[in-house]
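Two complexes follow with subunit A in common, the first pairing it with subunit B and the second with subunit C.
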Partner chain A sequence: MEKLQYNFSSKTNKLSEFGITAGVVNSGNLEILLEKHDKVDELFIEINTTVPGFAAVWQAVISDFVAKYAVGACKFTINDCGATPAIVSLRLRQLYELAASGNQGNDYSNSRYLELNARERINALVDGGSFTEIMPAINKIVSPHLGQLDLPVEFDDGVIIGTAKISGKPVYIASQNYAFMGGAVGEVNGAKLSGICLKALKDKVSAMIFLLDSGGVRLHEANAGEIAISELIAAIIQLKLASIPVIGIVAGRNGAFGGIGIVSQCLDAIIVTENARTSVSGPEVIETVMGVAEYDSSDRALVWRTCGGRHRSIMGDAFYSSKQIGDIRQKLLELLDKPTLFNEKTLLDEYQQLEQRLIDNQNSRDGIDVWAIAGLSNPQQIPDLSDSDFMELLK
Partner chain B sequence: MKYQDLLQQLFGNEINYSVDNNVLLGDAAFDNQQFSLCGIVDAAQLDNVMSLKLAKFILDKVNLDPKFNLLIFIDTGGQKTSRQAELLGLNRYFAHLIKVIHYARAKGARVFSLVYGSALGGAFIAAGLNAEKVYALAEAQIAVMWLEAMSRVTKIPLVRLEELSKSSAIFAPGAENFVKLGVIDKIIDPAAFLPQIISDIGGAAPSINHWRELADVRGGRTLANKIVSQVIND
Partner chain C sequence: MKFIQNQLLKKETLATASKLLEGKWLKDSTKLPLLFEEIIKPHNRVCLEGDNQKQAVYLAKGLCKVNPQIVNNLHIVQSCLSLPEHVEIFERGIASKVDFCYSSGQGARVMNLAAEGKIEMKAIHTYLELFSRYFLDLTPNVALLVAEKADRAGNLYTGANTEETPAIAEATAFKDGIVIVEVNEIVDELPRVDIPASWVDVLVHSPTPQMVKPLFTRDPAKIDEVKILMAMMAIKGIYAKYGVNRLNHGIGYATSAVELLLPTYAESLGLKGKICQYMVINPCPTLIPAIESGFIKTICSPGGEVGMNEYVRAHADIFFNGSDGSQRSNRAFAQLAGLYAIDMFVGGSLQIDLMGNSSTATIERMTGFGGAPNLGSDINARRHSSDTWLKAGAEYAQTQDKTLLKGRKLVVQMVETFQAAGQPTFVEELDALTLQKKMKMPLPPIMIFGDDVTHIVTEIGIANLLLCKDLAEREQAIRAVAGYTPVGLAKDPQKVAELHKRGAIQYPEDLGIRFSDATRDLLAAKSIKDLVEISGGLYNPPSMYRDW
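Then we have the complex of A and B:
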């Protein structure tokens, strides 16, 4: 890691929004945080980069940005993970424009959930302007463990938590940032997840919502991540015992695997889309351990027939939605209106359902076998159906 | 330690158990206390059938009398790595077991686990880590992933990981690391285990913050407890 610092004399003050970020800490990318500066006549830029030895290039890119935009007195902090000069310029400009425009909310009604980042997904699902982030990037509560391994940190440690409203009802929400370390759970990230659940319990909110998008435990802090997932599960169970609905959405790039795959099934319900995948071990892990004959992780159709959103909804482990943000929100509203139960009877019912599944599927080797046993006609055509035809079939 | 030897040492003749498909189920007595026993033996990988069997045993006990003592014995090589296990929704089976254990605790059961062999990956999350307190024998092998595999996946040289693991409990295998991180209450001798449980049962079950508070005191996780309190009180 290398730290670089630049300051420029600047007396203007053109920006109206602080504490905001642009970009993400991911290979070839970077995160920039904009803050007020304690000196009124200085623009201060600090860079923490994984790629040392490029001070001259940084100097050129930063000077160019400052000259072009005359940004004013403020402070930029950059967590870089090998971004090219073009990407650096782009992110600086994005953040500047966001700050200069007063960070007006966007209209996400035509957006695809998959393409939004963790914060945008929250804003797209909750009532406009209702989201208040807890422990946001500006608090800079980062993983103390990644730096030891010369890895870059992110200011929110890969998860966004906070309070919001959905159709006027108070809900708490957590959204995993798939782009930072695969959305994986470490000490800080996991404590934020447990914390928001226990806050939801204390404040008796209408629901706790998880936007899951994670490969599971962050291996660089594996023990802490595994423990954090168990602590999160314990907190989720307390919400269930208190009859506070806990709803998840698995519709992102990474799906829900490992410990987070287990967490997803501890919730009262999850919403999935066609692109969703969830299981404990991922296809690559099973292929590595058991060989390609057991599981060819490059066979995308096989992967989706084994752990994809359609398969999980046919089995009754998830509720299906199209990828459109409006449809996901509609499904979320429906689930929030349903009472959730967690008692001896629901556990016995679940036991019987899971036992029956094993009896019925003793010879099932493929999703198509499972779908045929579930009584669906033309099971081999299910992956090719449109979302609306598939949902019609599920009814 | 072989489960046969361990159980003999713990309960002598005051025990009745069976092992089928690597799942241990039984009942035993010690010092005028009755215990229900369940667990995984021979470092087996935990699969759908086994998870369900453990869950049913506990559900039946709750139905009979929710105020019971449960000991979960852990020796597992992790989750079953097979396409069919995942096809049928292994995560749902694990979650079912987890919910049943926590439900039993909520209804008044006192639940403890003892790692007497291996405790790897997702199977530890599914079973042992849902107890109110977790203990381990000195010979216990606890890991999320072995360092060689971690080095391959993270592309961090093995020597670097080995060096760092001397000063940090955060990623390296080892029961002692899980003690520092607050999740293993203590490393315990077989002879001291049941007296310890009798003493635990004499007191109240620990709070939901127990592991984080221990981790803070022991210096293994210095941020988790602070962050959780800060978020709750925001």
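Then we have the complex of A and C:
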């Protein structure tokens, strides 16, 4: 990592929002945090980059930006992961526009969940303007481990948590940032997840909502991550015992795997879409351990037939929704109104169902076999059905 | 008798090999290496069909198993070296010389073997040059080809991925060479005959279907705002300005972005029926929204694309399909259309120098040429006119103070200023020159020559090289769009301002385009699944592109 610092003269800004970020720490991308600076005619900028030796280019890109925009009394802190100048310019401009517009929420009604980032997903699902973030990026509570390994950090450590309302009901919500380290859980990230659950328990909110999008535990801080997952599961169980509904949405790029795959199955309910995937071991891990003849992870259609959203809904492990934000929100509202029950008996019943599933499917080699046993006709056509036809079939 | 020696040799060879055959068919597939040892003589010119997309894998594996004491020093004449076996035959001493076009995936290995002296690298061609030389001085003695289906008599169906099989078969068959074909499916009646049995000497039943790679599928999920901005600039500043209707697109994400903006952005500018009506291009899935919205009238394809066969069948008005309804492609004719009939080529590159020369070669790896140089060159042999061609020609003639004698093909490079952080696209000197010295090649491997290039589009703006009076101006126009690369940072601001005033450089704001307008919402499809839905379920993407 290389650290660069610059001061640029610039007219005093007329921005209305601070403490916000643009971009994400991901290969070829970067995160920029906007803060107030005490000198009115100066921009102070700090860059932490994975690609050393480009001070002159950074200076040129930022000079051009400063020439166009008044950013005096601003401080930018950049966590860079190899962004090209084109991307740097784009993110600087996006940050400026966000700050100038007062960070007013967009209309997400026609958006797709998959296209939105972790913060946007929350804003798209909850009542407009109701989200208040806890431990936001400006607090800069970053992973204590990544820096030691000379890896870039992100100011929210890859997860957004906070309080919000849905249809007027108070809920707490956590949204995993799939783009930072694959949404994986580390020490700070995990503490934020279990912490928000414990706060939900204390404040007796209407529901705890997880927007899951993660490959599991971060290998770079695996011990801390594994402990965090156990703490998270313990916190979820406490919420369930207190009859506070815990609902997940798995509709992002990474799905829910590893520890987060387990977490997804501990919740009262999860909502999935066609592109969702959830399981414990990832496809590549299964292939490595069991061999390609047992499971070919490059056969993506097979991966989705065995852990995809449609498979999980057919098995009764998840509620299915189309990819549109409005439909996911509608499904969420229905689940919020549904009473939950969790006790020793419900747990034993579930064990029994799982045992039966194993017996029923001892000769199944593929999702298609499982669906046939579940009594669905034309199982091989299921992946290619439209969402509406598939939901008709589920009924 | 004196001048029919090849005919006699062919008869004699096939007579000796006949003990392994039943009719034209190899009786026992385990005898494939033996068959090759009977038929292929040392120093023969052999084409082991490796096209851009499909590969004769079974025959390639068989050729690797021959005894190098019997079959050796072969001169390989084929367009693509893409299978490991294409290189293994050199390592094993079966082959020693090569004339080819492109080495996808094997570029580094080929270069190492050439440096060790195990491959005598003759020329690296464009497709049309190699196909032409098949009919002059590089006619194969033996062609090892692949077809999708055959009937008992040996008629072949090559279907959507016909590619260059007819050209190789014709050259070989009509010069007394021996044509051997692998085929997986044997049927009583073919959908249609793509290659007649009389051109085919020996058939081998392959246990697996022909290998075809989905080289032309680009996932819309990977198109970012920078590419969308560049596509908007190109549509407004070039496609609309010159009214381009006959064109070829390269296979990068920038041109995919253009394709996905046609039914949205271009249509909102009133450009339907005015641009992009006739294309030389593979049936790329990202074309589906533009086809469905009625933008495109005709597509001439050098090959097929995995998963697109049913879609193409249902769009016979657009594509070239046989009497049976399925697609027929032909790389030679499509390349000819790309050389003579298009008014614009749009492609990308890894490196561009100050004169606009571009190359995809790096010091470690050389991929060769393929078809881009045929498509991306202005051709002095063209005589027919079109408005687009004349408009570009007039712009150039005016800048040069010359009488208009000919038009110009628009040759457009669409590149981001950096390939990745620290890897500038614009360079003072191409790696191709270092490679030339290292490999002792007669010329550096330049993909598109700078003097053919008319426009360079980057995220910074458009450089119109037709409006540059001399090489010094051309250099400044290129530096102006080279952004924050060392080449771009060394621009002369005063000269750049002059060129900008004259329109030789256009920035997004000159075209009325704001960066903030360049969002993914403009894409007519945002995912592969969207393409499937827009195709009405006719596009059937390969498993590697599925996320459902």
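Here is the rule we go by: the second predicted complex is superposed on the first by the 392 of 395 C-alpha atoms of A that agree within 3 Å, B and C clash if a C-alpha of one lies under 4 Å from a C-alpha of the other, contacts with A are read in each partner's own complex, and residues count from 1 in each chain.
In the analysis below, a contact is a pair of C-beta atoms (placed from the backbone, for glycine too) under 8 Å apart; a residue touches a chain by one contact, two chains touch by 3 or more.
Here the structure is a predicted model, which means the values were calculated and not measured.
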Based on the superposed arrangement around subunit A, label subunit B with subunit C as either clash or fit. fit
For the overlaid structures, how many degrees, to the nearest 10, lie between subunit B and subunit C at the C-alpha centre of subunit A? 120
Pick one for A:A83: touches subunit B only (first), subunit C only (second), both, or neither. second
In the overlay, answer first, second, both or neither for which of subunit B and subunit C A:C266 touches. first
Any idea whether subunit B or subunit C touches more of subunit A? B
Is A:P144 contacted by the first partner subunit B, the second partner subunit C, both or neither? first
Touching A:N223 in the superposition: subunit B (first), subunit C (second), both, neither? first
If we overlay the two complexes on their shared chain A, which of subunit B and subunit C does A:V57 touch? Say first, second, both or neither. second
If you take every C-alpha pair with one atom in subunit B and one in subunit C, what is the shortest distance in Å after superposing? 15
Sort out for me which residues of subunit A touch subunit C in the complex. 28, 51, 53-54, 56-57, 60-61, 82-87, 90, 93-94, 97, 112, 114-115, 274-275, 298-302, 304, 308-310, 383-384, 386
Residue set of subunit A touching subunit B in the complex reads 134-135, 141, 144-145, 148-149, 161, 187-188, 190-192, 194-196, 198-199, 202, 217, 219-231, 233-235, 237-238, 240-241, 256, 258-259, 261-266, 278-281, 285-286, 289-290, 294-295, 306-307, 311-312, 315, 317, 342-344, 347-348, 350-351, 354-355, 357-358, 361, 364-367, 370
Which residues of subunit B touch subunit A once you look at their complex with the stated criterion? 48-49, 52, 55-56, 59, 62-63, 79, 81-96, 98-100, 102-103, 106, 121-122, 124-126, 129-130, 144-145, 150, 153-154, 156, 160, 164, 168-172, 177-178, 181-183, 208, 211-212, 215, 221-225, 227-232, 234
Could you pull out which subunit C residues touch subunit A in their complex? 224-226, 416-418, 420-422, 459, 483-484, 489, 515-516, 520, 526-527, 529, 532-533, 537, 543-548
